[in-house]
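The two complexes that follow have subunit A in common; it is paired with subunit B in the first and with subunit C in the second.
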Partner chain A sequence: MIRINIIFLLFLFSMQSYANIIVSSNSDIKTIKQAVEIAKDGETILIKEGLYEESDIVIEKSLKIIGEDEAVIKAKDGNKVFIINSDNVLIKNLTIKDMKTSYIEDISAIKINNSNSVIIENNTLINTFFGIYAANCTNLIIRDNNIISNAVEQSSSANGIHLWKCKNILVENNHVEKHRDGIYFEFVKNSLIKNNYSKLNLRYGLHFMFSDNNRYYKNRFEDNGAGVAVMYSNNIEMIENDFVENWGTNAYGLLLKEIKDSKINNNLFKTNTIGIFGESVIRCQFEHNDFMNNGWALKFISSSEQNNFLYNNFIGNTFDLATNKNSISYNVFKNNYWSSYNGYDLNKDGIGDKPHKPVDLFSTVISDSPVAIILLRSMFVDMMNFAEKIVPVITPAGLEDLEPMMKEIKHD
Partner chain B sequence: MIKKLYILPLLLFSILLSCSTEPREIDYGHENCAFCNMTIMDQQFGTEMITNKGKIFTYCSIECMVWEYVRETKHKKEDVKLMLAKDYIKPSDLVNVEELFFIKSVDIPSPMGASLSAYSSKEKAVEILEGKEGEMFTWKELTQKIK
Partner chain C sequence: MWKILKYSFIDLFRSKWILSYLFFFFIVSEGLIYFNGNLSKSVASLMNIILFLCSLIGIMFGTIYYYNSKEFIQLILAQPLKRSSIFIGHYLGMNLSLVSAFVIGTGLPFLLNGVIFSDFADSFVLLLLIGVFLTSIFSAISYYISLKSENRIAGFGLSIFIWLFFAVIYDGLLMVALLYFEDYPLDKFSLIAIMFNPIDISRILILLKLDISAMMGYSGAVFSKFFGTYLGMSISMLMLMLWSLVPIIFINKSAKSKDF
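Take a look at the complex of A and B:
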């Protein structure tokens, strides 16, 4: 019993001396920079509430830097604030704001170089240039941060979470708004992006480049300049994400360029100019996705091969599928539900008795001459489409769903 | 009155001539790269290719233009009239690639991962390269190196 009490007392004691160093305007240590300088390896720095105007805080040792509520750091002269060059660092509960923009320098609220095991948690970054910028890092956790900038034009914008040559990263529950790219991955491997909300970014909500073996699921990408881009990557899993409201001449819900062996399952594509734009997409799975009210649900151009489209719902899209070539080869469409299907089901097995051709004549015409879109909804076009349906001449042969579903598919 | 009609062909001719192949500024944030389809954003890296027919293609980076030029994906090398890129330090004007010096250095990341940047002054390029890993090329060397 006594032993338990001692442990409890020790626990209480440790709670009290939770911070080794306290930064506050009425203590001896008034700046975070000073605290970081005198702190020993492994110590904790607590930052009391108040406004601190500081920049270029370089961390060369293992530290925990934790802010009280209302602990705000304003970037002095708009320069970068934290530069982490060591392993095992925690930055938590801080508000960092007001950074300047630069062409040459990567000015960021939190920059992490060549580090292992760094946690950036529950921070609010306001009006930053780069929010969090990590280069050559492993085992990072970036969690529960609010990263909101005010980018209005491309020249004064940078990315919210920017990762370059990193491995084993977790990006979870962040809210990223009004940057160039919300979340940017270049040469990043084995990472997980989960439950983030990325909106109103100038270019992409999420941008992958040369990043293999990553998963992202349950994210929401809304009203970004051009949607989400996944480029030059293999083995990507994109599951249960929402791609919503990406409108514009060059905007997509999801842009896939040179992607191999990936899974795009259980996503929602709603009210985008183009749901998925694919170029050189090879051996990918598209299953149980919902495409609703898009201009084009799918637009795949040449050299997309061996993809499977199964159990997807295509509902109320102006065009379900467009392609610029006569055939996109070896792609399988099977058991999808098409709201534009006008066949019948005589044997009542839930599967339409005649195949559905998702590419209509007019979408082929538009792929060749985009201005023809002005004729959309005209009776002439309806007649052409109908004639083509009966006697197919121009639309790609073989591009059809042999077993279209009669009813909307309910995903588990 | 009829005599003055000779002006017409002249006028027509001058209109045709005015279909120039002058470079134009890239519409950042709205145009897509002709090679990789990405929205062009970085002012320091935007590049432009003008064909003999006067068609202009814009790219997000030096590497995208070099890839397309070297691989001849859209048009043959001899159909290309002019290629332009931006000076990394002063990204206001487009400069002919023949007059530029290119640095390939991992310390200066570029939009498509090849780490290429361009400079109109050789001294400036040497200065930038100082203390960094990397090499300097002329345009000709670059097109031979990149496949």
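Take a look at the complex of A and C:
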């Protein structure tokens, strides 16, 4: 009985019963385009292994397009491959490659226009100009994709995942490499970006503008041209992300510009030229972040106000904090651990008895005259900083951590 | 010259001062590795100690050693020997003992902890090289100063002042200049200014190996571009060599015409 069952199952599998249409080089339907044309609404198309040279496959109905392993689509003449104009579409397990560079058109491997509930899953996009380009969509899921290009210069390259005017998007577990911007968001709302890995992109690992109410969880941004840029947005949550090794003359782990009411918690900033660069950052929470071995851990322009910096670790940064000029900014620094703190704790409650001033004289000097960085770590500078610490004259008086922690904070 | 070099080297290397100097560096670098547990950080902390100590010890030891062995020199001068070989041999012997004490004292702990096999091997070698240069430069300067001044107190004071000038005052003046002229492009000026201070050259060279992230800021880029290239590297090495050669030439010149 069992044997019969197994045979029956095998029979079922070999029938590929879940696919309505099978595309293969030795079946009647040899091209995906043909399959899409004859398929009815709601049907499934299975693409057998093989190399298909196609482009401009326009999908106007609800379809599931699933590739077998080794199903590779090479863009014909380097043109765009899938154009999705309808709801409820699934594209899965495909490899799409070799698009051309265009300065006029936004050529992309998968383009999604005005659609609802589209799933792009487990695809590999190699040397695509734009990887996935979605405009005016809702309820998209972009998951487990490998998007790798070979961008050389910004003007002739494009973004890995590019979303414009979308809502309720999930971008999860993607690997984006060597594009202009790894992940680009503009006018995107209520979305979740989770577990992505974006590295070696020419400009930003993640770039988003005018995108409110989004959440970024557990992403890793590594060695991108200028790090991650978050601009003109409100109510952003950035939690447990890693910003690592964004080095360069004008690079930062995270650039915040015109951000309000956001949370930046439990992130790691390691060996960046600037950990967080803030301009007009207002009413934001920075809690339980680790800043390690950065050039500047924080660099905030004085237009940033009412931010709270609590329970962060500042370890081994060349400068912990730099601001311009001596304005009182109503930013609160409290209960952080500063490896450069040299106070004491007489009552042994784990909190230093003496306030810590994170802005030292030399970082003030450098914001006035950047060339003076050439005197970094010189004995004169050490003496000057020491004298300033004892009798503050120039450094911002109000800017201090009143209750610095004595030991590195363990985040849970 | 070689004979005098050999005698003063052997004489000094048996003295407890040089041995304690060696021992001090040994303890410091071993301690830094032990407490940091991290070779790159130990190299960074060692940098400050080397910039500070090698120059200071060089300056002090140069004066003290010259004044202490004045009688010996006068005795040797009675022999049929060339003056230049006496003084230069004497100086080189002292310098060699200081240098070898430094190299052994600093190098041994790092070698024992396997720095050769780590990624910091090159910055460590650079560190040693810079220590050697600083020792030679400052001991030569102080030797020349004491040769010039008969008065011990004046010679010693001047030597200390020279050290203070290069270690602290020079940077202070440079910073004042940079702040005062901040409206002008100062990249080239500061590069050139750095070249006239051996301590600054050494500091920047090591810094670029270790603190790149901060130096990479917009204006730091100019410096890392310069010092990162072979040209910049060789120019700064050349300057260090020049700095160690020029005082020797002066010693030679003044030794020839000095009355005893």
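The criterion applied here is as follows: the second predicted complex is superposed on the first by the 395 of 412 C-alpha atoms of A that agree within 3 Å, B and C clash if a C-alpha of one lies under 4 Å from a C-alpha of the other, contacts with A are read in each partner's own complex, and residues count from 1 in each chain.
Here is the rule we use: a contact is a pair of C-beta atoms (placed from the backbone, for glycine too) under 8 Å apart; a residue touches a chain by one contact, two chains touch by 3 or more.
Note that the structure is a prediction, hence the values are computed from the model and not measured.
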item: Three-chain arrangement built on subunit A, subunit B and subunit C clash or fit; value: fit
item: First (subunit B), second (subunit C), both or neither touched by A:S25; value: neither
item: Touching partner for A:M231 - first (subunit B), second (subunit C), both, neither; value: first
item: Contacts of A:M209 with subunit B and subunit C, given as first, second, both or neither; value: first
item: Contacts of A:N250 with subunit B and subunit C, given as first, second, both or neither; value: both
item: Subunit B versus subunit C as contact partner of A:M383, first or second or both or neither; value: second
item: Cα-centre angle that subunit B and subunit C span when viewed from subunit A, reported as a multiple of 10 degrees; value: 80
item: Partner chain in contact with A:Y103 - subunit B first, subunit C second, else both or neither; value: first
item: Which of subunit B and subunit C A:R180 touches, first, second, both or neither; value: first
item: Touched partner set for A:N342, first subunit B, second subunit C, both or neither; value: neither
item: Chain touching more of subunit A, residue-wise (subunit B, subunit C); value: C
item: Which superposed partner A:N324 touches (first subunit B, second subunit C, both, neither); value: neither
item: Nearest Cα pair across subunit B and subunit C, whole Å; value: 10
item: Touching both subunit B and subunit C, residues of subunit A; value: 249-250
item: In the complex with subunit A, residue positions of subunit B that touch it; value: 28-32, 36-39, 41, 43-44, 89, 91, 109, 112-113
item: Subunit A residues touching subunit B - in the complex, by the definition given at the top; value: 103-104, 153-155, 157, 164, 180, 186-187, 202-204, 209-210, 225-226, 229, 231-232, 249-250, 255, 257, 277, 279
item: Subunit C residues touching subunit A - in the complex, by the definition given at the top; value: 41, 47-48, 51-52, 167-172, 174-175, 178-179, 182, 186-187, 190-191, 194, 199-200, 203-204, 207, 211-221, 223
item: Complex contacts: residues of subunit A adjacent to subunit C; value: 247-251, 271-274, 293-296, 316, 318-319, 365-366, 368-381, 383-384
